[in-house]
Amino acid sequence: MKIVPGAICEAGTSRVNKTGGWRTFKPVYDYDKCIKCKLCELLCPDSSVRPKEDGYFEFDYNYCKGCGICANECPKSAITMVLEEK
Amino acid sequence: MKSISLLAPGHRGCAGCCDAMAAKFTLMGAGEDCIVVSPTGCLEVMTTPYPETSWDVPWIHSLFENASAVASGIEAALKALGKQGPKIIAMGGDGATMDIGLQALSGAFERGHNFTYVCIDNEAYMNTGVQRSAGTPYGASTTTSPAGKVSLGNPRLKKNMPAIMVAHGSPYVATTSLAYPKDMIAKVKKATEIEGPTYIHCHAPCTTGWGFDTSKTVEVARMAVQTGLWPLYEVEDGKVTKVRKIGNNKRPVDEYLKMQRRFKHLFTMEGGAEEIAKIQAIADKNIEEFGL
Amino acid sequence: MAYDMKMDKHKMVVVEGSYAVAHAVKTCRPNVISAYPITPQTHIVEDLSQFMADGEIPNCEYINVESEFSALSALVGSSAVGARSYSATTSQGLELMHEVLFNVAGMRMPIVMTVANRAVSAPINIWNDQQDSISQRDTGWIQLYAENTQEISDMTAQAFKISEDKDIMMPCMTCMDGFILSHVYEPLVLLEQDITDEFLPPFRPDRILDPRNPMTFGAFADPNFYTEFRYQQEQAMQNALKKIEDVASEFYDMYGRHFGGLIDEYRTEDADIIIMAMGSIIGTIKDVIDRLREKNVRIGLLKVRAFRPFPAQAIMNVVRDAKVVVVLDKNISLGMNAGALFIETKSVLYNTDIHVPVIGYMIGQGGRDIPMSTIEKIIADAEEVMRSGIRTESQFTDLKEELI
């Protein structure tokens, strides 16, 4: 790559950095409990909660750092933080 | 499906990062037709290691103390070039806003530039390792105001930024919290739509600097609001117009303080109870003043 | 190449130097001007302010910033959006901008700023010397020094053209001696609008802050990248060496006026003694040279017009066959007991086959007057050096022993 004078970057290029490798625990949904309140998507600091076609959500494990905010805040305890097995 | 967030993943913010959340909510309130200026700090460093950037909107970083001046220049230039339209947002931390950047902020507001300033207040200079700032609250332990044998931690009260910005004649000043994201998004939207210099002060609990589990960012923020330590209100043209009442959710400050490592010493030191009582008095004063 | 100046007397007016600069700035069609007052730059920003108030600068906004730090910082923002940006300052104001100067250069913003050279505090002193701009020589700003008010006016248009060149994109300081040039009234030709509109095309940077094509400006560069960014800045400075010459030539072709490119020479062809200097002192030196030439002293003047990039080759070409070089500096690098032009001239000659003795005089500090007699005394020292070698390499001039 050639550097751009002034250290100017194209938008959104941090997506190459897959921060999923950071986590120890990963969030898992129990869709039976989920009421589609969208709070998890709203709160995620790493934009790692994606809506699905059916209105539920899924995690983007490429980037999820396993902070656990979604699990902590879910009003229906529909998200559990599970120790990630390697 | 398009993401709701204009802050891309891949940034180097800690797990549970308050700055990332504050930036995300701000951009949701502003929309993609904006230009963002950030001073030096966690937000800037974690989002822009060359050649990567997490910003999906136009963004510029110059120096630590001049975000408001840079924003002023952008605003003037867009006007001069007949390109007005994009919302101009300056977004930075408490150190950059309340200490080193205060002059530029004051100047920009005095001149009445049409932009919104969002202060992400995690109550210390976090990026450099948790040093005390004008935003550090009474009794908090930071690396330059540590609790010690003869010290209770930070002995000063938080600088009252909303009041300072109201005194500049800003048409809209509001406090927000990460625990109330929809409220913040609405306030940012409102601030960016009002003509003139508007100010948002966001309470942003920092998992690393304050010492709590990464999953508790929102919980700690909520607790701060429920104790009365972080009142949520709007000031329009100098008058407090909307206040979020605590009602039955009122909590004593102990419950907030004991969630955080930075206040732990207050529970073990001699005279700690008196110090906690002083913090309770701050909360009580807010509750009375704002009718929480 | 000889440049015959085409000065049309009918176009000349008698105006204050500051007014000429303000008029030139106006003529260059700036989009954002930021201004913080500081003696002796104030008349420039005041005149610009009056032009604004009278609607004479279209598509322009004028920001009354609350400090010089913000003055230049605001231009970072405006330049990033594609606005042609200008400010003026001096001395304490320039020092206050120190951090931003590096920042602007690193962000490759072609901002032009007039520096009305003034001494630096402490002790506080509002009169002319060149310590202020000289102390900023490492920041990555192109630095040009003007001899008279016509030149500083013309230089303003040249500065924008040089800076905004796609192979340069570095900011430029145009330096004029405070009070001596800013507050003097001289006859000159004000910068012509019709010619300038042709000479200076609109500012169109390749990348700007624009929601339609979002980009990030001012990312941080870790050790893997930082060196290469600095290298690019140096390359731009090297490109500027030729560009400064070319722009001066183009300016002559279009306006009929030329004051030198990187340097200018006066009666150097057969000179044994070459005297080097920057700024308004050039005028005095030319008078001294004429006087001495009548007495058959073989003396010539090397006017240094561009201090950054440093015109090493140009200087070497002129001093190569001289017997002594005398450098006048309106500044001092404390701890070196020498001025910057002297230090840098000596340094570029060191590794070459040019072994001409170089002596330096720190002069005119804090606005101390420089009469012709002072220069003549210095020349007498130089003649002594030709005869018996260097006795004192660098020294203060006109030091009042009785005060210390």
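As written, the chain order gives the labels A, B and C, with residue 1 at the start of each chain.
Criterion: contacts are C-beta pairs under 8 Å (C-beta built on N, C-alpha and C of every residue); 3 or more make two chains touch, one makes a residue touch a chain.
Bear in mind the structure is a predicted one, so any value in this text is a computation, not a measurement.
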Of all other chains, the one whose Cα centre sits farthest from chain A: C
B-C compared against A-C, more contacting pairs: B-C
Centre-of-Cα separation between chain B and chain A, whole angstrom: 23
Euclidean distance of C-alpha centroids - chain B vs chain C, Å: 44
Distance from the mean Cα position of chain C to that of chain A, given in whole angstrom: 55
Overlap residues in chain A, where contacts from two or more other chains coincide: 3-4, 7, 9-11
In chain C, residues with contacts to at least two other chains: 107, 214-221, 225
Residue numbers of chain B (touch at least two other chains): 48, 50-53, 55-58
Interface residues, chain C side, partner chain A - complex: 106-109, 169, 207, 214-221, 225, 228-229, 232, 236
Chain B contact footprint on chain C (complex, rising order): 31-32, 34, 59-61, 63-67, 69-70, 73-83, 85, 99-100, 103, 107, 209-211, 213-222, 225
Sites on chain B touched by chain A in the complex: 1, 3-5, 7-18, 20-21, 24, 47-48, 50-58, 181-182, 207, 213-219
Residues of chain B touching chain C in the complex: 32-35, 37, 44-45, 48-53, 55-63, 65-66, 68-83, 86, 103-104, 106-107, 110-111
In the complex, chain A residues that touch chain C: 3-11
